[in-house]
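Note that the chains take the letters A, B, C, D, E and F in the order they are written out, and that residue 1 is the start of every chain.
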Amino acid sequence: MSDLIAIFLGMALINNFILVQFLGLCPFFGVSKKLGNAVSMGLAVTFVMVIASIVTWIITRYVLIPFDVLYMSTVIFILVIASLVQIIEMFIMRTNYALYSAFGIYLALITTNCAVLGVTLINNIQKSYSFPESMAAALGGGIGFTLVLAIMSGIRERLELADTPKSMKGLPVAFMVGMLLALAFSGFGGII
Amino acid sequence: MPEALRKFTPIMFLALIVLVAITLLSLTSSITTPIVEKRIQQQVVDQMKGMFPDVVEWNEDDGLYTLFADEGKTDFLGYAFLATGSGYSSSGINILVGLEDAQTVKEIVILSQSETPGIGTRAMEPAFLDQFIGLNINDVNFIKNGGQIDGITGATISSSAIVNAVRDTAMKKVAQLEGAE
Amino acid sequence: MNISVKGNKLALILRRNANNKAIRLPDYGITAASPVETPPLPPNVALPILQQYGEACKAIVKKGDIVLGGQKIADSEDFNATPLHASLSGEVTGMVKIIDPATGRPVDAIVITSDGEDKCIEYKAAANPESISKADMISMVREAGIIGNETDANPAHIRLSPPGKTDAVIINASQCEPYLTTNTRLMSEKPKEMLTGINIINRILSPSIIYIAIDSTRMDITDNLMRYIKHSGADYLKIVLLEQIYPYAAEGNLVNIIFGENTKPGVALFDASTVLAINDAVINSKPFIEKTVTLAGSVSKAANLRVRIGTPISHIIDYCGGIKDAADKIIINGLLSGSTVYDQSFPVTKETNSIILGHNVTSEEGDCIRCGKCIEICPARLSPTLLAAYAKAGRYNECKEAYVDNCFECGACSYICPSNIPILQYLRVAKSELGKKVAM
Amino acid sequence: MTMPDVNQPDAPEMRFSVSSGPHRRSRLSARRMMHLTLLALMLPSAAAIYFFGYFALSIIAVSVITALATEYLAKRMRGKPFVMDGSAIVIGLLLALLMPPTIPLWMVAIGAFTAIAIVKEAFGGMGHYIFNPALGGAAFMYACFPAEMTNWIEPMGFSSDKVSTAAPLSEAFAANTDKMAMFLGNTSGTIGETSALLILVAGIALVILKVIDWRIPLSFLTTAFLFSAILGADPVFHLLGGSLMLGAFFLATDWVTSPLTHKGKLIFGFGAGILLVLMRLYGDVPEGIAYSILLMNAFTPLIDRFIKPKPFGFKKVVDNNA
Amino acid sequence: MTSFIKEFSKGIVTSNPIFVLALGLCPALAVSDRLEKAVWMSLGVLFVLLCSNIIISAIRKYVPNIMRIPVFIVIIATFVTIISLVFEAFVPAIFDALGIYLSLIVVNCIILGRAEAFASKNSVKDSIADALGITAGFAVALIIISLIREILGTGGLAWGDTAIFTLPVLGDHPLTVLALNPGAFLVIGLLLALFRWVGVTKNE
Amino acid sequence: MNIGSIIVLTLIGIGCGIIIYIAYVKIPHKVKGLDKIEEISGALPGMNCGACGFAGCFAYAQELAKNPDIITQSPCSVAMQNPDAVKCLEKSLCISLDAAAMCKKAVIHCGGNSEVIYDYSGAKSCKAAAQLWGGYKKCPYACLGFGDCAKACPQGGIVIDKEKGIAVIDRTQCTGCGLCAAECPQNLIELMPADTKVAFQCNYEPLKNIPGRGKCESGCIHCRKCFNACEYEAIIWNKLKAVPEFDVEKCTLCGKCIEACPQNTLAFATPVAAKCEAAV
């Protein structure tokens, strides 16, 4: 159990997807202007990460490993993620339209989110996690992703009112925030 | 084309693409895999030879190499095996460990790593690695944990990855040896 | 002083609000001991037909007409409108446009040149005031054209005819700002009229309780009132003692201090000077043509003065010996929440309660250093720094979402801000821009 | 509003001033607050120079001068006036106080430059930055020069013979924790952090002068004390050791980077305290103060967004954050 | 030919994927700590983008609309896997150093974006120009970033195990942070600001 | 080569294909007519300035798709200056546009000669200053020069003339979005046809008798001299406002009116944007 917690916290804070692993940076800069949007995006990514981890774990365990074709992982995982996103979109729309209208637009962006493919590759190929470990990693990664997105959007909302130099406004200053966040998060190193 | 079938064209199209893709990949992999395997083998052998210059022949048993200095496999030289530590970077540190006998480390060599340059890579320098030479595998541990190895400030993660990987794998291999006997 | 406030059930003592949300200033009550004087009549008066409530009034006199003091010179059919009366006798010498300070746009004003005789229309004292009906009393108040002070700034007859039930009435006899002393002066000089006035309000609104807010330093008034209450058995009267800190006596604050912030009783609030005017209107049928104002600051003699509405400020200043110390700022209605005029010939209006001469302090506006002091001090518990930032950026809708409307413009935030940000001014811009949007 | 006849309408004899209310302001000014801070910082600076002699003196000089020069350049580049509001000096001084005595001076210059150019001015300067510039600069230096930034020596004052022999301490330190020495400052550490006593005096003076709010230091120190005790560490050691005192009174309280409201400030201090203890006890970083405060700086906009005063009055407050 | 050049130069300057569009940031930040990694990554991207753009624009008329995205992804993923297999076989050190970012070319917003926006609508020739232009833009950006990060962050420049040069002073005490994650943000952010400042790109 | 793996993986591919197919069929797709809206919004500048009166360019495009006539009632000045955009809009809306007439640019009706009547101190914002007695200038309609308009201009086309204390519009940069006009508390800024030749620099409303306030030296005194001076009937007298209006077509730039004005209220308008000339 403590292993799982370590993996969870490790993925959330120490090996944070955005700040340390450099995965999912496009939404980090693209969808972080408003807190609401950022949190929605983060939660949608977390959800897809978990589901994708389940499915890809099964595929890895029962197809890729038995046939010794781990090198096919990229092709198969991305295909699976793409269809998963579609089916989730459909499912949410059918069952909860309010949720769909809140999350729908983000789902489309998730297919091309490095973090989702990244987590499946890390779990199954790089670290060969067991099933519970995969879950902990996906959940931790997603939550860390959401947390950083939320922090970033909070900061950017404030920066919008700031007298930032013209050529720093928007993206460049967001990168500066990224740098300082990465520095600050490096303080978590070794806590677990 | 009948109407019912037409519905399935998109699906079949995707299936076709997947089929082509996978076949292509299988082909590529069948070309590259032997190269990779050979290279790794070669690397291990090269390093082993660097470690035990006299080596001529060896046995391999589940990753544990038993090395001999003559063709007849009678002149025992030592053992060698691969250890993988998980360091600061998400890809691991691959270490080749040579043992003089079932207790003593002869040398360790880093085969591949991708630690942070300037920080983690300080654990790849001889100043650190040379500490392992001649150590009893039970002493492969940091001084503060009762071993004989000095850690590296600023690279705790990388250095302990190496130390732990070497010790744990060595223990395992030794157990494997004992089990085999 | 034989009645101690402490321990007396009749008195209600209130001290600070939570969090010390107030400003302490040293110059409260400098003129507290100056009896109300009456300066000579001005050579002319200008009476702006300002109309914020109801349909606009129309002038019912024209240039060249001779009018008597107290004569109605503008009115409208609309009940909500407030009529205007000549404040002295003389000739109507002009209908001019003057700039309305509130909007910066021109409004009409009637100018009367005094004939120096101060003839008045006849005021009929009510024979039996007790028998006047409620409705009659309200219409008498309306006829008198009473508009309240800053603390109760809208027509008195509207305040006296609320749509719902009035649970409580608050009579504000304290001062809402440093320097002002008119309310307390009137309370100590005319206690009888004041009580009659309160009685009239009591009869019109029939609240279950009437609070009289008094500065905690004015024990003389408190003792007097206590004696009266004890004597008359007017047990619906209660005294509230207020610390002299700004902005306790502001309407919203008073209500909150007395009732706590989670109840919403039907409350009507009247300034002491308004109570006097109501008394005059009902008992003497006398219209609202005089106003008591405090003149203070860089002037030779600070004083409380009873002046005709429309009197030019310069007339009052000259009466008190002129401007001292090269003061370059004329502040109307209080140091903190008042406004400034750029010309001494500005007339005293129905809302004027004080004229303070002061100096301008220019201070460069800095960037907000996020010290949070404005948030600490805002009695409306807003986030002034945020509101100002939104207003500066033109994001007025966000101002609205952050409750800019709850700001009652006390100015405490601008007062405290170490970066000299004119926060309140930005909020005013936001409010007026939001108002424009609603109007559109 | 003007009246005819009384004065010559077209030639007012005197020009008055007009402004929007209020017409009086408190005497509190940002510059005064900054100068008071600077004055208070003289205490720990004096201690630094007393204990670490020329080392401290040169670090402080380099840091402050670089900070000022960078601020000047940044303002020039932006076409804004350079005002001596003291903020650059405060940042430079605070950064200097976070340096170990043996740090090479050019590294200090790089840190001070980063603090002002990147952490402060790139965000818009005074009032607009998100992260504490001094700590941003220090964290940058920790990442660049981990060895030099953790090279501790015993205090030696101005005595030159000791300078040459000044050698890094060994791990014996942890055992040798003379609490009184730590309180007074006669111990190893960054040049400014050693004397808990003087920092405390300066900090409390600032609290009394209302330059800083007491909530952040109090909640920060209490949380760190209690939490380290709960986790079984020596709470007094943690309170007095490292830069906690300096951080709690001078770094965490920076108005710009801490929450606006009272409640927010308490949360800030609490969060920083927890993070600090976790990092000190379990983390890899040499000293958690920079990271714990920087992390709370990052959370500050969120704290401010959710911890707002509830508007006074009767209006039912609806949550507008949804 | 002119249109070819136009498409090509567009990718480098006016719609530089990193500095202007801010797309494909993950690899740009992750592999730009060393020049060598940046160059090999660019080669990988070139291969994948070129091949997939060619194939996609060649089959664009036959792809059913419903399956557009999945088909494109599979095509891209195939080339990505091929290039990783090849890297693993022939430049193993680089394969290890690039780690999962090589595989992540699949989801690199640039590539799918180009497939969707360009190759699926244009002729093979234009698609090649587009691929070359975009890759050139990506490569130029990556190389600039990696040069700065490697030189300042490690105090010198190296290719493989051979050092090309070492700086004085910085060689002993490099600004390590530039080679680390925070440095990636810092360098790219400052470059973005610099380009805006000198007017290459527009302010927001 | 591993035939088994190829088969299994292709089966997964088929499975994914089926899932995607089903999902595609079940998810309703974009609202009809979206293509057209996208086409229209593609021709719009995408600045989302709101000057057209709608909530951003896309909203405007939606309305245009429903009712093309809107474009003449509330045109997008910015689009009108871009010949490509005009062509594109004409095509997708099936209408023909007189772009030149719709192409407008901002003009400030103040020459900055009004006297200062009090010392203002406070927020450096025109809106804030205008709240105090309508501004610190003698003319209650004068430009206050704090540049609320300049801050609003996305083109950076407005600068404050420090000497005169008024805003000056660089008409080569102005795209006619009108954002500045909405900001000005004194209502000084008007969008006028881009090829306006003569600028009328007064905003004083003919209100009589505001003691202490009034028009400045260069304020229009409604003398009609310009009207009478024009030989080409290019000036129309606006009776309501008692100010001249200029007919661009007829004006020959002779400058007679400018000479005739006793108050120096008239001036040649500053150059027109090259962009706009192209469209004209």
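We adopt the following convention: a contact is a pair of C-beta atoms (placed from the backbone, for glycine too) under 8 Å apart; a residue touches a chain by one contact, two chains touch by 3 or more.
Model, not experiment: these values are computed from the prediction.
In terms of the stated touch criterion, the partners common to chain A and chain D are B, C, E, F, listed by label.
By the document's definition of touch, common neighbours of chain B and chain F comprise A, D, E.
Chain centres here are means of the Cα atoms, and by that rule the chain farthest away from chain F is B. When chain centres are set by their Cα atoms, the one at the greatest distance from chain C is B. Note on chain placement: the centre of chain E and the centre of chain F lie 41 Å apart, centres being C-alpha means.
Between the Cα centres of chain B and chain D there is a gap of 47 Å.
If you average the CA atoms of chain A and of chain E, the two centres end up 21 Å from each other.
Contact with two or more other chains is made by residues 96, 98-99, 101, 328, 339-343, 345, 360, 367, 422, 425, 428 of chain C. Shared interface positions of chain A, i.e. residues touching 2 or more other chains, are given as 21, 69, 71-72, 75, 79, 82-83, 122, 126, 163, 165, 168, 172-173, 176, 179-180, 183, 186, 189-190. Looking at chain F, residues 2, 5, 9, 12-13, 16-17, 20-21, 24, 117-119, 121-123, 128, 131-133, 210-213 sit in touch with two or more other chains.
Contact between chains, as defined at the top, is found for A-B, A-C, A-D, A-E, A-F, B-D, B-E, B-F, C-D, C-F, D-E, D-F, E-F. Those residues of chain B that touch chain D in the complex are listed here as 119, 144, 153-154, 156-157. If you check the complex, the residues on chain B that touch chain E are 9-11, 13-14, 17-18, 21, 24-25, 28-29, 31-33, 35-36, 39, 89-91, 112-114, 116-119. Against chain A, in their complex, chain D makes its touches with residues 78, 118-119, 121-125, 127-128, 130-131, 136, 139-140, 143, 275, 278-279, 282-285, 288, 290-292, 294-295, 297-299, 301-302, 304-305.
Interface residues of chain D, counted against chain E in their complex, comprise 104, 106-107, 110, 118, 122, 140, 143-146, 148. Interface of chain A with chain B (complex): residues 15, 21, 69, 71-72, 75, 79, 122, 126-127, 189-190.
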